[in-house]
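What follows is a pair of complexes built around subunit A, which joins subunit B in one and subunit C in the other.
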Partner chain A sequence: MKKSARDGISAAVFLLPYGILYAVFILWPVVFGAYVSLYKWNMMGAEDFVGFTNYVNMFTDGSFWEAMGHTFLFVVITTPIYIVFAFLLALLCNRETIFKRFYRTVYFMPYVLSVSVVSYLAVFMFQPYTGLINTTLHMLGVSGEPFWLANPTLAWIVIMFITMWWTVGFNMVLYVAAMQDIPDELYEAASIDGASRARMTFSVTIPMIKPTTGVIFLLQVIASFKLFAQPYMITSGGPGTATRPIIQYIYETAFKKNNLGYASTMSYALFIVLLIFTLIYQVLSGRKARAEK
Partner chain B sequence: MTASTFNGKHYSIPIDTHCYAIFYNKTMLKAAGMVGSDGKPNITLGNNGQGFIDYLVALKSKLPSGKFALAETEKGDDVYRFWFSIYNQLGGKNFISADGKTCKIDTEKAVKAINYMKDLWTKYKVIPENLDNNHFPDQFQNQNAALMLNGVWSIYTMANTNGLDFGVIPFPKLFDNASAWGDSHNLILPKQKNLDKGREEAALTFMNWVAENGAIWGQAGHIPAYTPARESSAYTSLPGRSDLVNAVSSVVFPSQSAQTWPCKQIIYQNLETVLNGSVQPDAAFKTIEEQINKQLKS
Partner chain C sequence: MNKEAIGSKIWKTALSFLIAILALIPIVWMIALSLKHQGTAFNGVSSYFIPPYTFENYIKLTFGSKIMMWMLNSVFVAVITTFFTIVFTAMAAFALSRIRFRLSKFMYTLFIIGLLIPTEATIIPLYITINKFDMVDTFAGIILPCIASPLCIVILKNFFDSIPQDLIDSASLDGCGWFRSFWSIVLPLSKTAVSAISIFTFVSIWNNYLWPFLVLTTEEKFTLPVGIPVFNSSYSADYVLPMTANAIASIPIIIVFLIFEKQLVKGITMSGIKG
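On to the complex of A and B.
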């Protein structure tokens, strides 16, 4: 047998275990979900074939649009903030100080916690009357009692803040790696030309890590669209439905309202949104790459 | 047993009733002088719920600073349970029609119920605002709250709290009826494709044993469904239970519909917005009716 054929076979054998799990648990549900979305389907199984009725109903479902709106709001507000903070922290972690290793560890550590732990931390910190934040505010002389988890605006701030604390370390590490790949000669050349530190950051660092910024942007947007566990555990999507993201609405429709057909429909809507976003992103970054050549 | 019978057929074996009740801290109430000669809170019943309000306001004024009268949450299932109890006391019945297809809420009584509740937070301030729905019982457990509205299932935790001398009374008759929210755990046998008679009989023997030995289950706080178990000394000798034996007669169970849980969530999600002031009660119940009707059609 030719070597390349042997290599091909051993590659396939190594990929097979993961491939099987991927096909069964990721690819198959995607296909099956489309099938379920055409039915009235409950926990006991399929009921009636309804064709595109679920899709039509989705467009007039106020709760669907509200939940989508919340998720969009989260994506649009947090993506730039998280990327900027990851970049700033990476700058801090890249400077030659004695605390360099300490900073890197400390800012990355929250990422290893599970989302349940992070959510409960948020609840205990921001609880009224006895939470850490409010008792600290009272010690500092603040007399009011901010209801962090009951006021919709404050609740969103809590969710965005705790998610940032939890996940910024990951993007920061990607940036640190990218920054270390920047050749020192560029900085030397810049300082010979009389550039200040700030100028160097803007004209050397940021352009050189642009590919990483692109990847982080794509990953961050997709991850933000999948927002569910934190609001679910911190505010249950409340008060009322003020902090309910689309995935929570899908979850409630499937498992609380026993309507898996409609839930699958909405999952597909979300999938299409992310697909369109990714395609636009690919086209734009492909165009840019060609322009730069 | 009536609740587990549908169209003349038995569908499940009830093992308990668990209902809404008032927990009271004996130490705190005695110190405030708010107990009757029987050691229970001397709440004046009826008078359109005013008696309860007066009691809570008086209690609040007599408690030391840092303590408060009543622990209850403005979020989640407990909002529904509190509202449902008052709604039924006012004469509203179950909100799903007998045929299970439409929502029938008596809006006037529904609004009256939620306004009564809301005043306890905003007008009389006898309940601190925004207590967490999972952790508000902690306030009773820590002896910050003199009273707590909760289901009887909390009895076990409270009974095992050191230093907490408490009692439980069924949800009192504040309005026209002595109704309280309640539900029931039932044992069922799912329909099998191939029925093994031997296993079915074994399962039924077990279910029977569970019902008869309800006093053991009752240690968790639930009220046994099987009458001899409920009236047995094994059950009634448990702390606080003797007051609950008759609670079962005023319990209002949910409608016999597969949709009560989704509808319950619709109700409390909308009631939360009334309690936090962002939606007016009339508008909220209009939304509730629309959403429940949509849910019942799906």
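On to the complex of A and C.
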């Protein structure tokens, strides 16, 4: 047998176990999802072919737009905050001190907790009368009794706050790695020119970690779009449906209302939004990278 | 050092410590509450933290609840998923990186496309697929789709690409086949990358919520993240037992983190670079 033919067979053997799983569990659902979205479909299987009815219904479904709006709101508010905060933490724990390791470990630690633990910590911390937050407020002399999870704005603040506590370490770690890759000579040169610490941050650190900021931005937007477990466990999407994100609405449509066809349609909408976003980002960052060369 | 520099050092240190305390407080609070007697009344900040302490909640939940069962399920699922993810993606990455064959470029592009597919957006068709295979409420149903995630392929292929071809060529001359050069040359040379993504995969699978939550229906098969909310939501007035459950779920992964922090951080950095 020719060597190239033998290599082809070897390659197939190496690729097969993964390739099968990938085809069945990653690629196939994308194709199949489009198919399901054209049907009235319940847990037992396909009922009726309905064409684009699900799509038409989606555009006039107030609950869909509300849930999608919540997810967008979460993305738009949290992305800049989580990025800036991660950057500041990275600056703090990248200083030359004996506690460097300690800071990094502690800031990152909440990230390894499970979302279930994080959510229930929030539920108990923000409990009126006996929760950690309210008793602390009382100790500080605040006399009110905020019912955090009963008010839509406060409930969103709780969700955003606890998610920041939980995940900001991830972005921070990426920033720390990027900062450590900046050559010391750049700071030495800046210091010879008489630049202050703050000046160095703005004219050396921030420009040098720009590619990392791009990566973090993309990862953060996608992560924020996937919001589900925290509101589901902390507020169940409430009060009413005031904190229900799109994934929770998809889940309820499929598993509570037994309408998998329509749930697929909405999944597809989410998928397209994420895909368009990622592609725009890739094109823009690719063009910029070429322009900088 | 001038006065200004010392001043800035002091406030930065103070700020760093303050944030460290804020980051730790919920975890410390959780552990403090788990050590209180059941039925303790909490009427102020100090009441959470001051003794008397007891371990009886831990004993009670270890022997009198499903939490240890869920923990074993979590360990099983995380270990199996991590192991097969690494073996299968390393094999595929090796083929793409080292073997010349006609569809190599095409296959790699196909896997890269997978990175653009967020699993959260395909849960419904994925669920129907799993249902067709009769894998709802089975460990296979949660493990197999997780192994299929393409992130590790991209990381490992990039890493394998950086291994000098000479090393592999010299081994091939000795009549060493592709499998031997994969197993005895490339894998050992990739120890740092493999351990980094193993820890990273393990932690993400250990904490995976949405997919196991959809697939698992009997309580005996729950993983910790799926079981904890079920357990906790049956206690609304009592903090002590839910916090003990949270602590039991968290302590093992915190210990794993403290031991393997370096590898985990490296795994995250490697996974970030692909974007």
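Note that the second predicted complex is superposed on the first by the 274 of 293 C-alpha atoms of A that agree within 3 Å, B and C clash if a C-alpha of one lies under 4 Å from a C-alpha of the other, contacts with A are read in each partner's own complex, and residues count from 1 in each chain.
By our rule, a contact is a pair of C-beta atoms (placed from the backbone, for glycine too) under 8 Å apart; a residue touches a chain by one contact, two chains touch by 3 or more.
Computed from a prediction, not measured in an experiment: that's the story for all the values here.
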item	value
Residue contacts with subunit A in the superposition, subunit B compared against subunit C	C
Which superposed partner A:Ile192 touches (first subunit B, second subunit C, both, neither)	neither
Which of subunit B and subunit C A:Phe147 touches, first, second, both or neither	first
Partner chain(s) touched by A:Phe25 [first = subunit B, second = subunit C, both, neither]	second
Partner chain in contact with A:Thr278 - subunit B first, subunit C second, else both or neither	second
Which superposed partner A:Ile98 touches (first subunit B, second subunit C, both, neither)	neither
Subunit A positions touched by subunit B in one structure and by subunit C in the second	123
Of all residues in subunit A, those that touch subunit C in their complex	4, 7-8, 10-12, 14-15, 17-19, 21-22, 24-30, 32-33, 35-36, 41, 43, 89, 92-93, 95, 97, 99, 102-110, 112-117, 119-121, 123-125, 130, 132, 135-136, 138-139, 165, 170, 173-174, 177, 197, 212, 214-216, 218-219, 222, 225-226, 228-229, 233, 247, 250-251, 254-255, 260, 263-264, 267-268, 270-271, 274-275, 278-279
Subunit B-facing residues of subunit A, complex	40, 123, 127-129, 145, 147, 149-152, 236, 238-242, 252, 256-259, 262
Residue numbers on subunit C that touch subunit A, as the complex places them	8, 12-13, 15-16, 19-20, 23-27, 29-30, 33, 42-45, 48, 87-89, 91-92, 94-96, 99-102, 104, 107, 110-111, 114, 116-129, 131, 144-145, 147-150, 153, 177-179, 182, 203, 206-207, 209-210, 214, 224-226, 228-229, 232, 239, 242-243, 246, 249-250, 253-254, 256-258, 261, 264-265, 268-269, 272-273, 275
Contact footprint of subunit A on subunit B as seen in their complex	74-76, 128-133, 135, 258, 261-262, 265, 269-270, 272-273, 275-276, 278-279, 295, 298
